[in-house]
Structures are given as structure tokens and as C-alpha cells.
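Alright, structures below, take your time with them.
One chain, chain A, links the two complexes that follow: it is found with chain B in the first and with chain C in the second.
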Partner chain A sequence: MAAHTDTAPGQAGEAAWTQDAILAAVATLVGEVIGEDYLEGIPITMATSFADDIEMESIEFVALAERVRERFGDKVDFIGWLAEMELDEIMGLTVGQLVGMILACLTS
Partner chain B sequence: MSEVTANGVRIHVQHLSTGSPTVVFIHGLMMDNLSSWYYTMAPAMAQRAGVCLYDLRGHGLSECPPTGYSVENQAKDLIGVLDALGLTEPAYLIGNSFGGIVALECALAHPDRVAGLILVEAHIAVAGWRDKMAGGLELAGMVLENDEAQIWLDRVGGRKLKRMARRSEVLLDRTTMVDELLASPSLTDEQLASITCPVLAIYGDRSDVIGWARDLAKALPTCELHVLPNQSHSVMMDSPAQLRDIVFTWLDRQPAPTHREPVRPAPAPAHSEQRG
Partner chain C sequence: MARILFVVPPLAGHVNPTVAVGAELARRGHVVAWSGPPVVRPLLPPGAELFVAGEAIDDAMVGAVRHRTAGMRGAAALKFLWEDFLVPLARATVADVADAIVSLRPDVVVSDQQTVAGALEARRAGVTWVTSATTPAELVGPFEALPKVGAWVRQQLVDLQVSCGVPVEDAARGDLRFSDELVIAFTTAELVGVPVHAPSPVAFVGPAIGGRPDGPDFPWEQLGPHPRVMVSLGTVNDAAGSRFYAAACEALGALGGSHVLVAPPDDVAASTGMPPANVVVRPRVPQLALLEHLDAVVTHGGNNTVCEALAHGIPLVVAPIRDDQGIIAEEVVRAGAGVRVRFGRIRPAELHAALAAVLEVPTYRDAAKRLAGSFARAGGAVAAADLLEAVAAKAHGAPLAQEG
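Moving on to the complex of A and B:
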């Protein structure tokens, strides 16, 4: 839960977000959405596929998108990102692609 | 998770963008939820219109009450969602499969709230609909009750499939959904003809419900029908890009609302401790 505290990067006066910090925060959000019990033993890495590796249901992916917006703010345009993708691209998304998008939005 | 209370039920909503016109997405029955539209058309629509998606009662992350599944009441759910979000201007309703029945019922029972209908492979509650529906629902029930199917799901289905199957089981076993839908009255040609808002209907030529498309186009003077070659009932998932083109082109041709609001992302929801 380290990346989900009041002293997390991106808060006022703190250092800018790094890829590792975003990955840790996203892993926490994934655990919140699908349940830590289920995630136990499955490492969340940049290469982890939402659909294949952690069998995230599509409705859970929607819930994750909402938490990403809550966590990182309106600067992260999740919906605009999805709008550019076709169904098979969304189905094949990895954690790394999401982390990369968040990093790009936060540092642009 | 974003929730509103609509028609007395806790409904999961995704309000992706605000602005005019408003477009409300309605998904299909049983294994479906709002994510099918979220994955195919809603984000692109949110760049050009105010977009709201919701899970039908008993589906997705919405509450699963034991009763209240009649077509009439599910249309009230939709109006309740619009009210809860403060969307008072008439909205375009886009329904896939069973979602089309809810959209049509809204246009008939609440015409002042509906600017237009987009029906994708829509079930139409005309005579004969209940027989077809009963066939489909009984089939789903049989598959889930079958022991061998359960063993297969347990062994190879994985978490995702098991959870989806369990939710369908709850709908079939612990709610009156099937009975209520089968008891919902059929629409007459006169009722269909009384719909005055613009209607876009899109069906696949190989769809098992293509007959309803012809009925609809005949009875509804305002209906523009597109029949897509080599497509089945799953047009939304099989040809999302083609579907988007047709829908966006049609929507661009519709008269602008009298009071036009610019499209922008909806504000992020306040964090809720309720977990789905």
C-alpha cells in the first residue's frame, strides 16, 4: 500500500512519478479491484496481461479505469486512450502499456 | 465505483463525458454488462457526445433484486439513471440485443426523455418474441444446471468464466427475471408506428433475429435500417469499427439540440468505499 499513502509521488511538494512508482500504484489498484486473495502469488509486472495472466473480467477493467482516474486525476485521459483502440487491442493490454500511458499523461 | 439509486435500485453507472447530445448505452441480457459497450463504442462516442453507460438491474456491478425485471420497470430504471445524473434533455438511447427492448419501451412510455433510438441487433417485443426469448433463456438454464457443464467450468473454465456463469445462475434461480420478461406484453404495430423520434436499426444478415428488423422497418416510419452482409447477432463485438461509422454518421445528421453544451470528460467520481 506504500504507493497509496499521502506521501505518494505526485502529491503537492513530492517528487514526480516514476515508472516504478506508477507500476506499484497500479498493482495496488488491481489488487483492490479483483481481490488480494486472488492475486496472491501472481506478480504484477510490466509484462502482465490483464486478460490472460490475471484473468481480469471486462467489468473489472472498467472498475480499474475508474480507480486510475481517482488515483492519478483527470490529467490521465483513460477514456481518450481507449477511444483510439480497437477491441482486440484492449483485450491484449498489458500492465506496462497502462503504466506507460499514465506516465506519458503525467509528464506531458 | 460510481453508483446511483434509480427506481429504488442501486445501479452501477459510468458517466464518461458530459455535453450535448447525451447518449445512453444499454447492454444485453444474462452474461452481458456495460463493459461490452465500454470496449467497443462508448469511449469513441465520449469524444463527441455526453456518454452514460449503466448495468441493468441484476447485471454487472448493479444490485440484483429478486423482482422488478419487467420491460416496463427496466425502462423506469433507465429514466431513474437519467434523473439521478441530472440529465433532463432528451437523450439518444443505444441498445444492443435485449437493450433494444428497453430503449423502445422508453420511447413509448417516456417520449419526452428520448431524442432518438439506435437499435443494434435489437430484440423487439412483438408477437413471437417471448417464444424466442423463452428458448434462449431455457437453453442457458439447462447448460448451467447440467452437472457435466459445472464440472467442466470448475476444471477448465478459470475464474472469469466461473464468475460469469455464477451470476447468470443467480439471475435464473433467485430472481423472477425470466417469468417477468415472459409476462411482459407484446408491442403492436400501432404502438411501433406511434414512435415519432428518429430510429436507426442495424442488423446482420445472418442474424437469428433479422426478421424483427424487417418488422421494425415496416411498422416504424422513422426507421433507417442497415443490414450488414455476412454478420450474425454479435455485430457489436465482431464489427465494432463498421458499427461506429454507421452510428456516428447517422448521429451527425440528426438535428442539434436547441441548447448545445460542449462535450468534456465527466468529473472524476468521488471515491467510494463500496467495492464491487
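Moving on to the complex of A and C:
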């Protein structure tokens, strides 16, 4: 289980998620999946590419999907989101796209 | 007597099973030949008939493709596989494959799932064809979760056929990766472990091992005490490969025992300096002979190495890199015969722990032995030869049969 902080937004009655808060949370999850030491020198930004910048392996991507579900809940349909993608979209997938999807799911 | 033509890509893992099946068919008095690039010649038995397809596809060209794919993973690797390897391979070989069919007049063409030129030309010539699936990847619905990716692959096959002069309506029918007649899968349902998703009948014959030319020499006197582990990653030549070699040397050094790292010695030296004293580094090994002496195998998940290890009841540590390797790693894990680890970000401690598990926890070896039993029951090359004989007999009975 990904750790929840006491002040995490999105909990019942708490302030709504913002893009920056989701980005920070996703960056933490990515670090947990691939190992913080491997992220040294790779800033996680909206433009970070999962394939080119992080070289994320499929098993790591599956682990990230699971952590995203644990962190943000079932409203975030990671698998359904991926299922709509063309090959080129998957190749170019960025952290920003994931953050945007999560934000859209949580605010819809 | 039947006449069988195997159409194969320049990939040892895809050629080797056909060699075993071809040897069995030849033993029964059938005429057997191969169609493939000249680089497959050394993989075939001495004197085997090879109709060269794609004369220009030499070691340098195959090496260049391997070099370009080295850093690729996931979706990028899939795109490269089709756009830059399999489709160009088909274009470069179709005319020669067609000539081979005219020359040999085969009763059955056996087309590898990755040499779609064989299926294309057999269909066009109205010759019965059978698919050879040397990896389970296409049998488990790999694109179920990514339907648009699956559609993209199908479109590559349609576009290829149209560009080769196949009428659009014919190109859209069926699937060059799946003969309507029969798909021979060189694995078992026990190993695949999930229901098959295929548009045509699939026969599981297990790995077809043997019938190959002798492997290279090996310094047997350097194999010392157990445990004995072989690390074989196929051809890796990028930074991640170097990291893996370094991690493997450190893990094996700490493990004790006596081990074999299959890799170019220069690459290993560049990655990690002097390997530990208990690790023999060899660029190539006589794998089948070596497996008789081993306790565990670390592999990137090539189907041949995985199946050959399991056939010997040897548990695995699988570090998949790209293509079908993730699917193969998952089936090994599901069957309980091994552990999956990361490739690019492997740590020595992680690899050491995985090796300690498969060496010390008996369930991994038990599962590997159970799979070895499933392979033996499946029949291997003998079962595949039986199936091809039956298809050939049926083809004889219906000389005007169109399409497979």
C-alpha cells in the first residue's frame, strides 16, 4: 500500500486535488516503483516520458498502475484509459498525461 | 512420402524447433527443406536443403537490427519489430519464398509466425500451410488490453500483402500469423497456463529439442562445485545489459558455487572488470549439454532457453527485456517454476535473492519438473511430425484445396 499522509487532498471532506498535488503524488509513486536512487538526476515533470526518460519496464508500469489505484481509488480507470490508446500514444506517454487523466477522473 | 517446406526467420530460437521436427520427418522418409536467409544455414543440419530467401540478409544486417533494437522496450520495441524487421523481412523474401514453393512443390508449407512471407505465398499458391509458433506470445491475446495496438499489427499484415500484389479482399481475410488449418505451438498448455486466444486450432507439442548441429566447445574442467547457475541474456549490447552483467557477476560471486555467464568476454570486462573466480564467461555455450550440469538458469526469457531449462527440470530467474519476453516471464512465474526480476534496474541483492529462492525453495524445482513432464507427454518433434504427416495426407486427398 502506498502511504497516505494525513493531509492528502482528495480524502472525504478535504480540499480537491490540484494538478501540482497529483504530479507530486505520481512522482512519489514512480520513485517507489523504480527505486528512489534510480530517479536521481531525473526530475519528474509533466513532460517526463515514461519510455524515453524513465525507461519504465512493463512490470514497473503494472506496479505503477496498481499504486495509482491504491492512492487515488477506483474512480481512476488506468486500464480503461490505456485501452483507448494507439501504439504511438503509448510510446509517447508522459507523466503529464497520466496526471491529467487522474485529475479528470477525480473531478468528474 | 510428403514434401514439407519450413519458412523461417533469421532467429535461432525460431529455427531450432523446425530443425528437430525436420530431422524426425526426414527419418520417416519425407522430403524436408527450409526457406530463409543465408544466415540460417549454420543452424541447419549438414546437407539440409536451404532455398535461400533474401540473399542480402547477412550477419551484418541482422546484427544492425539487433543493435538498433538494443535500447528499445515495450511499445517502441513492438513498432520496431513489425515496421523495421518483420515487414521488411517479408518484403525481402517473398519472391524467393514463392520460387522455393515452385521448386519444391511442397505438400505443406510450415510458416513461422514471424515469417509471414511463407503464409502469404502459400496462400497465394493455394498450398496447404501450417503455422509454427515458437513462442506463446501470440497465443495468449497479447493485445486484449490494447485493442488499437492489436488492430495496428493486423493492419501491418494487410498493408504488406496489398503491397505484394494480393487483392485487398484476400489480404483482409484470415491472419498470416494463424493458419486456419493448424497452429503448432512449441510449448504446452501447462506452461502457457491461461486459455488460448487464437482464431484457429492450436496443437501443443511442447518444445522440439535436438537434431541440431553440435554446439561450441566448453571448458568442462572449469565447472566446479554446486550450485551451478547459467546466466544467458541472448544478445544484449546496451547500457542496461552492462548493468545486468555487473549485477550478475556480483550476485554469482556472493553465491558461491560455480557458474557460467554467456556473454562476450570483452563486454563483461568492460561492464565489471575481472569477473569473480567462480564465473566462467563464454560468448557461446553448448547449451543442451551444459544444462545437464546446472541447478538454475537466469535468462531474458527467450522461449528456447526457458523451455530447454524447464525440460531439464531446472528452475529459472527471468529478466525480460522486450517483445514476447514479458509474457514468457509471466508464464514461468504463474507455473511456479521461477522468479521474475527487473532487467534494466536489477540490483545484485535482488538477483541474489531470486537465485537463492529458486535454488533453495523446492517448489520451484518441483514445478519445473512438472513442466518437464508436460513436455515429455506433449511429444515434441515426434508429435509435430505426426501432425504434419496428417495435414500432408489430407492435402494429398484434396489436391485442389484452396487456402489453408
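We adopt the following convention: the second predicted complex is superposed on the first by the 104 of 108 C-alpha atoms of A that agree within 3 Å, B and C clash if a C-alpha of one lies under 4 Å from a C-alpha of the other, contacts with A are read in each partner's own complex, and residues count from 1 in each chain.
Operating definition for what follows: a residue touches a chain if its C-beta (ideal position, glycine included) is under 8 Å from a C-beta of that chain, and two chains touch if they have at least 3 such contacts.
Keep in mind that this is a model prediction, so the values were computed, not measured.
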item: Touching partner for A:Y38 - first (chain B), second (chain C), both, neither; value: both
item: Dominant contact partner of chain A by residue count, chain C or chain B; value: B
item: Touched partner set for A:A83, first chain B, second chain C, both or neither; value: both
item: First (chain B), second (chain C), both or neither touched by A:E55; value: both
item: Which of chain B and chain C A:E66 touches, first, second, both or neither; value: first
item: On chain A, positions contacted by chain B and by chain C; value: 38, 55-61, 79, 82-83, 86-87, 90-91
item: Touch list for chain C against partner chain A, complex; value: 73-76, 78-79, 145-149, 152, 240, 320, 326, 329, 340, 342-345, 347
item: Parts of chain B lying in touch with chain A, wherever the complex brings them together; value: 1-2, 14, 16-17, 33-36, 38-40, 43-44, 46-47, 55, 60-61, 158-160, 163-164, 237, 240-241, 265, 267-269, 271, 275-276
item: In the complex with chain C, residue positions of chain A that touch it; value: 34-35, 38, 51, 55-61, 79, 82-88, 90-91
item: Complex contact set, residues of chain A against chain B; value: 32-33, 38, 55-63, 66, 69-70, 73-74, 77, 79-83, 86-87, 90-91
